Every structure is written in structure tokens, then in C-alpha cells.
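Multiple structures are listed underneath, in C-alpha cells.
Here chain A shows up in two complexes: once beside chain B, once beside chain C.
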Partner chain A sequence: MNIILQNIVSGLLVGGVYGLAALGLSLAFGVLKVLNIAHGELIMFGGYIAFFAFSAIGVDPFLSILIVFPVLVIFGLVLHGTLFTHIVRFEEEDRIKNSLLIGFGLTLILQTIAIQLFSADERSILTAYSSAGFELGGIRFPLIRLGALLLAIVSVVLLEIFLNRTWAGRALRATSENWQTAALNGINVRQTYFIAFGLAAGLAGLTGVLLATGFSVAPSIGLQWTLKALIVVVLAGLGSIRGALFGGLLLGVAEALSAYAFGSEYREIIGLIMFVIVLSVRPQGLFGGDHA
Partner chain B sequence: MLKINQLEVAYGDIQVVWGIDLEVPPQSTVALLGPNGAGKTSSLLAMMSLLPIKAGAVQFKGEDISTKKTHEIVESGLVLVPEWRGTFATMTVLENLEIAAYTSKARPLQKQTLKEVFEIFPRLEERKMQKARTLSGGERQMLAIGRALMLQPELLVLDEPSLGLAPLIVDNIFDVIAAIKNRGVSILIVEQNVQLTLESTDYAYIIETGRIVQQGPSAELLKDDRVVEAYLSL
Partner chain C sequence: MPKLTPRMIISLLIALALLLLPLITDDDNILTLLLLTFLMAGLASSWNILGGYTGQVNLGHAAFFGIGSLITRQMWLGGWPFALSMASGCVVAGLAAAVIGLPAFRLKGTYFAIGTLAMAEALRITIGNILPTVTNLPTEVIRNYELAPRYYLMLTAVLLIVAITIYLNNSKLGLGMMAVREDEDAARAVGVNVLRVKMIAFVMSAFLAGMIGGAYAFYFVSYYPNFTFGPLFSFDAITVLYVGGVGTVVGPLIGSVFFVILRDMLVKNLQGVHQLVFGLLFIVVVLVLPGGLVEAWDRIKQYVRINQSPTKNQHRETKAQTYPGENLH
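Up next, the complex of A and B:
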């Protein structure tokens, strides 16, 4: 019984990171109707910045989010301004297709740059508290993973406040529902697209920090994390912010339990099975329907 | 106030508007009438920069707006209530009205205008916490017009406000339009409901297959044999 509980807890703790990975992807897709396949590469770069901030100048990883977030936001703005802004003029269906192509190219470029700059080695941050944790009722809670889940929850809450309470946030919601109507409300849609893409990149950066601390980063991890994020987005329903977190937690728990029940080689399969089932039975997602 | 000059609009190779001229003088209510597919909505969307203008010019308050962005046009006081109503289904009534005060001109007046809108449409105040998608067709049209008022329009353009509404509610909407006119807002109304629109406007244009085929003071068109025969006799 304890082992199952332990697996559920471990799954939840990993799931927060999945949720955070999905948050940015979902935001960019919801607002811009652009699917950024290179989202995982943005996560990877966020992880490397945190790693070097720690290893070169000793910045605590949880503090390094103050560097990583703005750097990735700026990187996102540049990427949008140079690449994606050209396709948001198209009809929505063409946007998705073209964004896939651009994102795929970007993936290859960023991966190669990462190999050249950082070498192909796996890196992870080892802090003094990396192996710390506590036990509660026979279940172990690693401190770093707990911090990661906490950061994911705080990000979701802050993002929801931003989307519901601020002018810029409401403009994002309006644009994601119907960009023409948003424009007729006096909203600068072009500017809104920049904000959404920048934010999405910043969120990817945060995810990267958690990867570098609780897992590891390497130039090749991008695709795997884009896939995880995609699965979560489909589980959650597009544009559902809270749903992205719940979807992440659900995927984390499902992976942990299936690894326990069938062996760890089945860990990656359960997500894809859920992906297919949800897409065919409930394409709007488990928490979709009332998106935004 | 608004001057449209030889406007042409095309979707790719398919041209739908073939050089129309139209003018809305200040403080007036002008109608653009015509059957489905005549190019009414396309003209409006082109005017708002939501469709590319193939040829011609659009002037608002003496300024050429054909190269401006949609949000800049809205900010300058030209506000469209689109055929698809333009409300955000996933937002509450209140959120819909609040976000419509988005422009820098409308923001400081948000609270005041919101009160005025609720005075015009008490029904919206009753439903302010409801999601817009749960509203009836008439209520959604009220919300669409209320939303447009939040933007401080100088010229309010309504694309088929009576579309899909029960006759009683249509009368109600036209009363509101008259009230808005009395506040000094100019109005351009695009309609298929010819009788009612001619009764409540000063001047009217009739458009068919992308061309203006007739125009004149609304009261005269109401008595014009050709108009009566084509649109009013049943």
C-alpha cells in the first residue's frame, strides 16, 4: 500500500513539472494558434542558463529563475519577431502547418547550437540540498521536487491572476477567443501575440530550471519535453491554464503507477495511450469545454 | 464624418465590391441596404482593415484610414458591431463590457460608461456575472451594442443588428439605436430589414452585387416604386 502511495506522491511531484512544461505551449497555441515544436528547446536553454549560473557563479537554482525568466522572455520576443510573426497573418489553419515547419527547423538549429556551446554531455545541478527530503507516514518527499511542484503551482496562480485581472491579460484571453473581435475592441493584436509568445518562452525557461535541478539537461532533451507538454495539453484541453497543471499531475501519477505495475519500460507508453484515448473520446480535453 | 471612395474588395481572385461611394455626415443615421451576398459585410470589414482593400479610399474625420490597423481605427472613434456580434462567449457580461474600454480614450471613462450602458440595458446588469454564451440572441445583441458604447464611438456601425431576432426584440434594438443617435453618435446601419431601417434612418444606399444601385433620403426611398417593388411588397 505504501509503495503505491509513494508512487502517487512521486508522480504528483514530477507532474508539476509536466504541467509547467505544458503551460507555455498551451498559452502560445491558445492565443496565436501557433504550435511551437521548439518549445522543448526553449526549456533546454532555460536549463542550461540555470546550470551555468550555478556552476560558474554559484547562483541557487531557485533564485536563478529571476535571470532565466527574463532572458527567455527576450529570446521568445526575438524568435517571434524574426520568425513566427510572419505566419500569424495567415488563416488559422495555415498558421499551424507553417508553425510546425518553422518550429521543426528551429529545433534542429537550437539543438546544434547547444551541442556546440555546451557539448553533448548531460548536466544537472547538485546543490547542498539536492538529496534532502523528509518522510511523512512512511512516504518520502524530496525537497527539490516539492519545490518544483510549488513553483509550478505559483506560476499557474500568477498566470491566472494576470489573465483575469490585468488589461494585457484580458487582451490575451480576448485574442485567443477571436482575434478579429479583439481587434474590434481596440486591442492591438500584433502586440498581444508578442506578449503571449514572450510569456510562453519565459514559462519554458522556468521549466528548464526545474529540469536542471531535479532531472538533467542535455542538448537532445527538447523533443521529449515538447511531446510531454503536447500530451498534457491534449489531456487538459487547449487554453485551459488550471487544466494544464491538473493534466500534468495526472500524467505524472499515471506514469509512476504504470511503471510500478508493468515495469519502468512502460512509463513512456501510458502517456501516449491516454493521448490517443482522450483525442478520440473527448477531443476538447478532460478540463476543456470551458476554455480560457 | 465617414467618406468611402470607389472602394473595391476582393477575396483572392473573387471580387465582391466594385467601387462603392458612401458618405455618413456628422450627426446622421445612414443605412446600407441590400440582399445577402451584395457585399455589405465585406465593405465594412475592409473599412475596419479586417479585409484588404483592393482599391479606393476610406476617410474618417477627414483622415485617410485605409492603411491604419484595426485597433487604431477603433481608437479614433469608428466602432463596428460585427455580424457575428463580437462578444466573447467564455467571458462574463461584465468582463465583456470591461475589456471593451480597452483603448486609452475609453479606459478613464470605463466606470461612467458602464453605468450608462446598464441604464440603457438593465437586462445586462441583471446578467452581469453570467457567461456571454448563456445569453439569448437578443441579450447578446444588447451586449454587443453595449460593448460598442464602451469604446466611446463617434460613428457606430451596426452590421445586421436584427439578424435572427424576434420582431419584438428587433423593435427594442431599433429604439436603442435611436436613443444612441440622440446622444450625438452618428450611425451607419447595414440591414436586410428594409422597411424598419428606412423608417429609422435619414439617408439610405441600396447595394446589389457589389455596386450601389440607388440612394436617397430614406423617407423618399420608402415611397419609391422600384424600392417598394423590390424590397417592400410581399
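Up next, the complex of A and C:
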């Protein structure tokens, strides 16, 4: 019984990271109707910045957020300005299709750059508290993973506040509902697109920090994390922000339990199975049909 | 029987030359380079049936290529006759397509793209976990290894796919696919069974990718079983197709020749960053020249025709009248 509980807890702790990975992807998709396959590569770059901030100048990974987030936001703005802004003029279906293709090309470019800059080695941050943790009722809580889950929750809450309480956030939501109506109401849709994409990239950067601390980063990890994010996004419902965190937790727990039951080598299959089931039974996602 | 156009005669001559080539030369370098070109052409052409003709973006084409190669290799090395192994690989690849296609095609195209990508990545990681060691051809096969049969198998597979695409250009099924690509609702309104057409296209595309995978399993001496599930195979296929000309018969063929030659040059001179060049090239094509080399060629022909014609100005005027919105695109 304890083992199962431990698996559920581990799953929840990993799930927070999945949720955060999905959050940015979901935001960009909800507002821009652009599905950025290179999201995982942005995560990877965030991880590398955190790693080098720690190994070169000794910045604590949880503090390096203050560096990683703005850098990735700027990177996102540049990417949007150079690439994705050219496709937002298409109709929705064509826009998605072209964004998939461009994102796919981008993964290749960013991966090659990462190999050239950082070499193909796996890296992870080893801090003084890396193996610290505590036990509660026979269940172990590693400190780093707990911090990761906390950061994910804080990010979702802050994003919710931004989307509901600020003018720019409301503009984002209006644009995601219907960009034409938003434009008619005086919202600068072009600018809103930039904000959404920049934020999405920044959130990817945060995810990367968590990867560098609790997991590891390597140039090739991008697609794996895009995959996790995509599955979570579908579980939650495309474009649903609140659902992203719950979807992530659900995937984390499902993976941990299936790894316990069938062996860890089959861990990736459960996500695929959940994906197919949700698509067949409840395509609008598990957590309500409401949009961001 | 359609009339023989110059283009058809040239195509037949090229096909004939490729068929006779192993009898003339036994230069392994040339045959290998051609074989790799066939591999890319086959992958791109099989993606084209679903992506180019039916307009559905499959980001995990490698899944079906990988399934084909995996099943073929495992059964063949396990003692089954090669033909049966390869046929099984194709069938399983087709069935795998149905698993993703049936739930995903009832929804928007996004779900389909996500599903195929998820399938390829999940399979790649899982196969890597279950079968972590390199698969080698048995020593007696290596001892008698000859390139020519591999060459012919890959060439036959590609010719078959090309024949199918030519058939699609003129058949009711192919027209249905193109109607779905252009406008799903309109296609449905004129009586096209959209779901059925998409399913046929996807299963066909996956089956043929599995066939190329089988030929790959026959050709390669040693590789990791999950290597063929790698995203690079999906990506290269799409790049080849878009550079050549998506939704055309010759596009993937031109694209594969261009791709293999360029890759050969880049690997020799810019080791390490050649993927970056392909990524950039691909994005530029998608953004600037979505019709690829085929479109570029058509534009050049049109330009030359207009400029050489004695009534050049007249042409320009009519053109301006016919497409008033051209500058908008």
C-alpha cells in the first residue's frame, strides 16, 4: 500500500513539471492558434541557462529563474517576430498546419545549435540540497521535486491572476476567444500575439530550470518534453490553462503507477493510451470545455 | 491508354536506366547513393499521399517506417521468409495507423498531428527500452551480402509508390483526397466520405512507409532497433517533399535527389551543422516557396514565356486582369 502511495506522490511531484511544460504550449495555442513543436527546445535552452548560471557563477537554480525567464521571453519575442508572425495571417487550420511545420524545422535548428554550443553531454545541477528530503507517514518527499511542484502551482496562479485581473491579460483572453472581435474592440492583436508567445517561451524557460535541477538536460531532450506537454494539453483540453496543471498531475500519476505495475520501460505507452482514449471519449478534454 | 507525352517518355527512360544500372556498374558508392535517394524518395512519396494529397500533417511518419523495419527485421532474423516478414511489417504499420487515425480524424487536424508525433516518440523510447542492443545481420548473410538485390528492392518499392501517386492524380479516390485537402466541408457537401478518404489515405501512407522500412531492414547491416523511429526520418521526409514540391508526383523525386546530393556535400564540408542548414532551408521553403522546386520551375517557365512572347506587354496586362488579388498572397 505504501509503495502505491509513494508512487502516487512521486507521480504528482513529476506531474507538476509536466503541467508547467504544457502551460506555455497551451497558452500560445489558445491565443495564437499556433502549435509550437519546438516548445521542448525552448525548455532545453532554459535548462542550459540555469545550468551555466549555476556552474559558472554559482547562482542557485531557484534564483536563476530571475535570469532564465526574461531571457527566454526575449528569445520568444525574437522567434515570434522572425517566424511565427508570418503565419498568423492564415486561416486557423492553415495557421496550425504551417506552425507545425515551422516548429518542426525549428527543433532541428535549435538542437544543432545546442549540440554545437553545449556539446551532446547530459548535464544536471547538483546543489547542496539536491538529495535532501523528508519522510511523512513512510512516504518520501524529495525537496527539489517539491519545490518544482510549488513553482508550477505558483506559475499557474500568477498566470491566472494576469489573465483575469490585468488589462493585457484580458486582451489575451479576448483574442483567444475571437481575434476579429478583439480587434474591433480596440485590442492590438499583433501586440497581444507577441505577449502570448513571449510568455509561453518564458514559461518554457521555467520548466527548463526544473529539468536542470530535478532531471537532466541534453540537446536531444526537446521532443520528449514537447510530447509530454502535448499529451497533457490534449488531456486538459486544447487551450485550457487551468486544466494544464491538472492534466500534468494526472499524467504524472498515471505514468508512475503504470511503471510500477508493468515495468518502467513501458512508461511512455500509458500517455499514448490515455491520449487515444480521451480523443475517442471526451475530445474537449477532461477538465471542462472552457477556454483560457 | 493515355498518349505518350515527352515527359512520360523521359520518366520511362530514367526508370529504365535505373533498372539497368546495376548490370553496367558495380561501383558500390554510386549504388549506395542511389539507394539512399530511393529511401528518401520513398519516405517522402508515402508521406505525400496523406500530407500532400489529403492535407493532413503527419509528424510521426517515422513510427510507420520504424514499425515496418522492426517487424521485418525481427521476423526475418527469427527465421521467417523475407517476403512474409516484409508483408507483415507493412500490415502492422497500416494497422497502427488505424489506431491513431480513427479517433483523431473525427477531430481537427491538430489532434492528428499531435497523435502521430506522440505515437512516434512513445514508440521510439519504448522500443529503445525493450530492445536496447544493436541489431546485426547474421554472419552468413553478411558473407554473401550483395548490394544489387537491396538496390532493386528499394527501387521497386519507390516505383510502386510513384505508380500509386500517379493513379491518385486521376482517380476518384485521389480527387476525393484533394477535395478533402482543399475544403473539408465542401468535399462533404458534394458527397465525399471525408473520414473514409482520410483513413484510406493514412493507412495507405503508413503501409507504404512500412514497406520502405522493410527494405531498410533488408539493406542496413547494423542499427539500433529504435533508430528507425527517430524524428529525423519524419523530418527528412517532410523536408524532401516540401523542397521538391508537396502534393505532386515528381516533387518527392526531385526533392530526394536534391536532398541527398546536398546532404552529401554538407556532411563533407560542414560536419555537425548540416542539420541546421536543412532546418533553415525547410522553414524558408514553407514561408516563401510553399510549392517547392516544382513551383519555382513553373514560375521560371512562365516568366520566360511571357518575356519571350512578342505580345509581352499584352500578356502582362491580361495577367494583371486575371489575378487582381495576386499581390495579396
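Here, the second predicted complex is superposed on the first by the 291 of 292 C-alpha atoms of A that agree within 3 Å, B and C clash if a C-alpha of one lies under 4 Å from a C-alpha of the other, contacts with A are read in each partner's own complex, and residues count from 1 in each chain.
In this section, contacts are C-beta pairs under 8 Å (C-beta built on N, C-alpha and C of every residue); 3 or more make two chains touch, one makes a residue touch a chain.
Small disclaimer: the values here were computed from a predicted structure and weren't measured.
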{"item": "Overlay on chain A: chain C relative to chain B, clash or fit", "value": "fit"}
{"item": "Chain B versus chain C as contact partner of A:173, first or second or both or neither", "value": "first"}
{"item": "Which of chain B and chain C A:125 touches, first, second, both or neither", "value": "neither"}
{"item": "First (chain B), second (chain C), both or neither touched by A:181", "value": "first"}
{"item": "First, second, both or neither for A:259, with chain B first and chain C second", "value": "neither"}
{"item": "First (chain B), second (chain C), both or neither touched by A:204", "value": "neither"}
{"item": "Comparison of chain B and chain C by chain A residues contacted", "value": "C"}
{"item": "Cα-centre angle that chain B and chain C span when viewed from chain A, reported as a multiple of 10 degrees", "value": "90"}
{"item": "Chain B versus chain C - smallest C-alpha distance in the overlay, whole Å", "value": "6"}
{"item": "Chain A partner contacts - residues on chain B that touch it in the complex", "value": "48, 50, 69-71, 74-75, 79-80, 82, 84, 86-91, 95, 98-100, 102-103, 106-107, 147, 151"}
{"item": "Residue ranges of chain C in contact with chain A within the complex", "value": "55, 57, 59, 99-100, 102-104, 106-111, 113-115, 117-119, 121-122, 125-126, 129-130, 231, 234-235, 238-239, 242, 272-273, 275-276, 278-280, 282-283, 286-287"}
{"item": "Complex contacts: residues of chain A adjacent to chain B", "value": "167, 170-171, 173-174, 177-178, 180-181, 183-190, 290-292"}
{"item": "Sites on chain A touched by chain C in the complex", "value": "35, 37, 83, 86-87, 93, 96-98, 100-102, 104-109, 111-113, 115-116, 223-224, 226-227, 230-231, 233-234, 238, 264-266, 268-269, 271-272, 275-276, 279-280, 283"}
